[in-house]
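These are the structures, in structure tokens.
Across the two complexes that follow, subunit A remains constant while its partner is subunit B and subsequently subunit C.
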Partner chain A sequence: MKNVYINSVGSVSSQNTTDDADFLKEIISYNDTTIPALNPNYKDFIPPAAARRMAKGIKMSIVASKIALQKANLETVDAIITGTGMGCLHDSEKFLSAIIDNNEEYLTPTPFIQSTHNTVGGQIALEIQCKGYNFTYVHGSNSFESALLDAKMQLELDEATNILIGGVDELAAHTILLNKAIHHIKETPVESSKVLNSNTKGAIYGEGANFFVLSNKKQDSSLAIVADLQTFNTLPIQSVAEKAREFLLANNLHPSEIDALILGNNGDVEFDTFYNHLATTDFQNVQQFVYKPWIGEFNTASSFGVLLATNILKTQSAPKAFQMNNIVSSQYKTILLYNQYRGENHSFTLLRQC
Partner chain B sequence: MSQGIAITGMGIISAIGNNVAENYNALVTENIGITRVSKIDTIHKNDIMVGEIAYTNQELETLLKLPPENNYSRTAFLGAIAAKEAIKHAGITDISAYKTGLISATSVGGMDMTEKYYYQYLEDTSTQKYIAGHHAGDSTQKIAEQLGIQESLVTTISTACSSAANAIMLGARLIKAGKLDRVVVGGSDCMSKFTINGFKTLMILSDTYNTPFDDNRKGLNLGEAAAYLVLESDAVVKAENKPVLAYVKGYGNANDAFHQTASSENGDGATLAMEKALEVANYKPKDIDYINAHGTATGNNDLSEGRAIIRVFGDNIPEFSSTKAYTGHTLAAAGAIEAVYAVLALQNNVIFPNLNFHTQMQEFSITPEISLKEKPLKTVMSNSFGFGGNCSTIIFSKEAK
Partner chain C sequence: MDALKQELKENIIEQLNLEDMTTADIGDDDMLFGDGLGLDSIDALELIVMLDKNYGIKLTDPKEGRHIFESVNTMAAYITEHRSK
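Now for the complex of A and B:
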């Protein structure tokens, strides 16, 4: 089986991740219940007339995917695989509220067309005229991981050489209200550095798009190797550490051999226990990072975790703000990521230096 | 590349029947499921026709023995019914005896509940249980729970109307790659005001019975349905001495990269998908005995698909038909519904008729089968195409090799 490399990344998030020059140099702290992504200069990537018709999720994805392609020095790819937990929420809300408000009259098709979950994958294919394999996964917090798993399988079996994968989700006004009503979003604003100690229900919600070119060919731009990935629809809290050990063992690794553990804590007092369980047992002597307090929780937020891991492996340094414990590794060769949302759809992802 | 993946069970619920036997009976007796809409309060009720499932949500809840406080969308109800039939049909009593996954497809997910309570959610706490059921992955998680699939690979695909074909494709690939021993694959989509109005604004809904591949076709009828197949590795089939219904032999997905909703005039994506599937199956076009076409009865699809079929098959076009006149277009579930029909065609050596066809299309001379035809079948090709230029083809075969 062939190695699978991450050859490039492209990102739009609520941190400085779009441009290389200031990539995660200064970490922005937020104090809110939702954190929107920073808008890049869309004009540099999308003709303004086209951009006007696009919701933020589509625009962020086109920017992130174009940057990823550029950095991998590619015009097109063999396949495009997208993950999105909630899909094109803004257009869904727009079309649905129009149906209700106008009693099914005076509707226009554009928001309906763009509400389809595979709009982003289809738009990117149109943009780069890619007629290859095009899948969209929409499975909660395993949406991005499903895309990663699919791409990895194709590259290992040499069914493709270059695959663009990405995770995208966008915030939308009514859905924010609904998630506040059921306390999936925290009631009151919390400062980023205090999110993990908030001791309250719910998370700070965010949005973003992180795209990657994966390849079975190493090149100068290669950043990391995707060594392994496993997803679980359910996992009882008492099994998390055991599954992590099994996952590492399958890769001939012991928890003590991991240089960094990147966790998906979002400050939800009900569900951070899953992460804390790992952090305080098998991996208590491993350097630990968290990122969701600074970018918010969304179904594909874990794609930012992969972005962070990739950057740590490449630069051998990490933003101090994201560090959760006091341990500092002397080098970063192997990074483990663990993510879940509300106790469902768990994933372990293992990245190596290349 | 040409080793087929065994299908050992299937389940279905659609406008023409609540299980596999009822669906088959309707197909061979030409009993269509298209009616006026009765379960959704829409101003369009007199100018559209749909393929509705007879059961109410209440009845489905009772069938599944769910407590009243459940938060199932209709998509989850339908999916659970069909997936459970598939598991039973495959003779599976211990789901965790093998590494078993679930790949489900949906486009509407929990939209049926969201559109009912969209504003009410904010005032009426009794409706709020449905909020977290909106996202597409929720119905899949519930189906997995119904089947007892735990701590495993479970995911959801949403590529519009090709979704379930893609779920079948991923499942076959996961077994080939050794990631799973067994996988339940398929899709579920319920009727919703959202999709009715969406397709209405696109002006592709027929005001009468849909007529695939007819020159005077007026558009599609929406349908609701769910269907699942059980795929198992050769090792499981051998160890359990399982009867195999048919094999997933070939698959291909390609993108038309032409327009967000319309298919290219010459069906580039569809052609590529069929060619890829033939390549994976290691078949030549002449090896295909019957094509269950996507055939939605929209002006655009049937022309584009017909041209693509001609490009792939040349002068030797196998018998083809669309079964959408029976069920309506069941969106993300369509690929799984028609996979069940493809397996039934293979098992019974019959080609299902393309109902409501009267007038030959002017753009080409190919004609669908319009009456039930008995023919020894070894292979069936099934097409599913969706928004976003998504084109998928699956080839089913009686033989593994």
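Now for the complex of A and C:
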């Protein structure tokens, strides 16, 4: 089977990740219950006539995709695989609100067309004229990992050479209210650096789009190798460390051989226990990073974790603000990521230096 | 009639998300489709719903739309003659 390389990344997030020059140099701290992504100049990437019908999720994804393609020196790819937990929420809300407000009359086509989950993949394909395999995974907080797994298998079996994959989710006003009502979003604002110690229910929500060109051909721009990936729909908290050990063993690794562990802690006192269990047992002597306090929680936030890992492997440095413990590795060759949301859709992702 | 034309221009910009345009950019006789504003078939559906919702006009013959939606002037003239609200 062939190796799978991450040859480039493109990102729109609430941190400076769009431009290489500013990439995670200065970490922006927030003090809110939701964190919107920073808007790049969309007109530099999308013709105005096309952009006028696109909500933020689609625009972020097209920008991230075009940046990833540009960095990989590609015009198009063999396949586009998108992961999104909630899809195009803004237009979904617009369409559903119109149904209620107008008593099921006067429904217009635009928000309906633009509200489906696979709109993002379709619009990227139109923009880059890709007529190949186009698939969208909607699987809660395993949406991005499902896209990654699909691409990994296709590339390993040489069914494709270059695949664009990505994770995207957007914030939308009414859904924020609903998530606050059920305490999935924290009731009061919390400063980014204090999120993990907030000791309250719920998370700070965010949004963003992180896209990657995956390939079975190594090139100068290659950032990392996707060594392995495993997902679980449910996992008892007592089993997390054991599953992590088994996952590493299958890759001939021991927890002590991991150079960095990237965790998806979001400050939810009810569910961060899954991460804390792992951090304080087998991996207590491994350097640990978190990122969600600075970008917010969303179903595909783990794509930012992969972005962070590839950046650490390539540059051999990491933002100090994201570090959770005091251990510092002398080198970064192997990074393990663990993510889950509200105790479901767990994933282990193993990345190696090229 | 001038107030109606101004209202139509504002609604066209809002409904069709013509973010970079102002009412001053749309001439009364400018072609809305094709070489003019460059609207497309999805916009035509949006305009049909707008006529129904705002002015109580139901277009039953799609061929009618070609003439009605030529410009703001033709839209305003048709609405003035056929509006029920």
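Here is the rule we use: the second predicted complex is superposed on the first by the 354 of 354 C-alpha atoms of A that agree within 3 Å, B and C clash if a C-alpha of one lies under 4 Å from a C-alpha of the other, contacts with A are read in each partner's own complex, and residues count from 1 in each chain.
The definition used in the following text is that a contact is a pair of C-beta atoms (placed from the backbone, for glycine too) under 8 Å apart; a residue touches a chain by one contact, two chains touch by 3 or more.
As the structure is a prediction and not an experimental result, all values here were calculated from the model.
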Partner chain in contact with A:Ala125 - subunit B first, subunit C second, else both or neither: first
First, second, both or neither for A:Phe232, with subunit B first and subunit C second: first
Touching partner for A:Asn102 - first (subunit B), second (subunit C), both, neither: second
Touching partner for A:Arg52 - first (subunit B), second (subunit C), both, neither: second
Which of subunit B and subunit C A:His184 touches, first, second, both or neither: first
Of subunit C and subunit B, partner touching more subunit A residues: B
Partner chain(s) touched by A:Ile113 [first = subunit B, second = subunit C, both, neither]: both
Contacts of A:Gly85 with subunit B and subunit C, given as first, second, both or neither: first
Shared contact residues on subunit A - subunit B and subunit C: 105, 107-109, 113
Subunit C partner contacts - residues on subunit A that touch it in the complex: 48-49, 51-53, 102, 105-110, 113
List of subunit A residues in touch with subunit B within their complex: 80, 85-87, 92, 95-97, 99-100, 103-105, 107-109, 112-119, 121-123, 125-126, 129-140, 142-143, 146, 149-150, 153, 156-157, 174, 177-179, 181-182, 184, 231-235, 239, 243, 299, 344-345
Subunit A contact footprint on subunit B (complex, rising order): 42-44, 102, 106-107, 109, 111, 114-115, 118-119, 121-122, 128, 131-132, 135-138, 140-141, 144, 149-160, 166, 170, 173-174, 177, 179, 193-194, 197-198, 200-202, 253-261, 268-269, 272, 386-390
Subunit A-facing residues of subunit C, complex: 15-20, 38, 42, 45-46, 49, 52-53
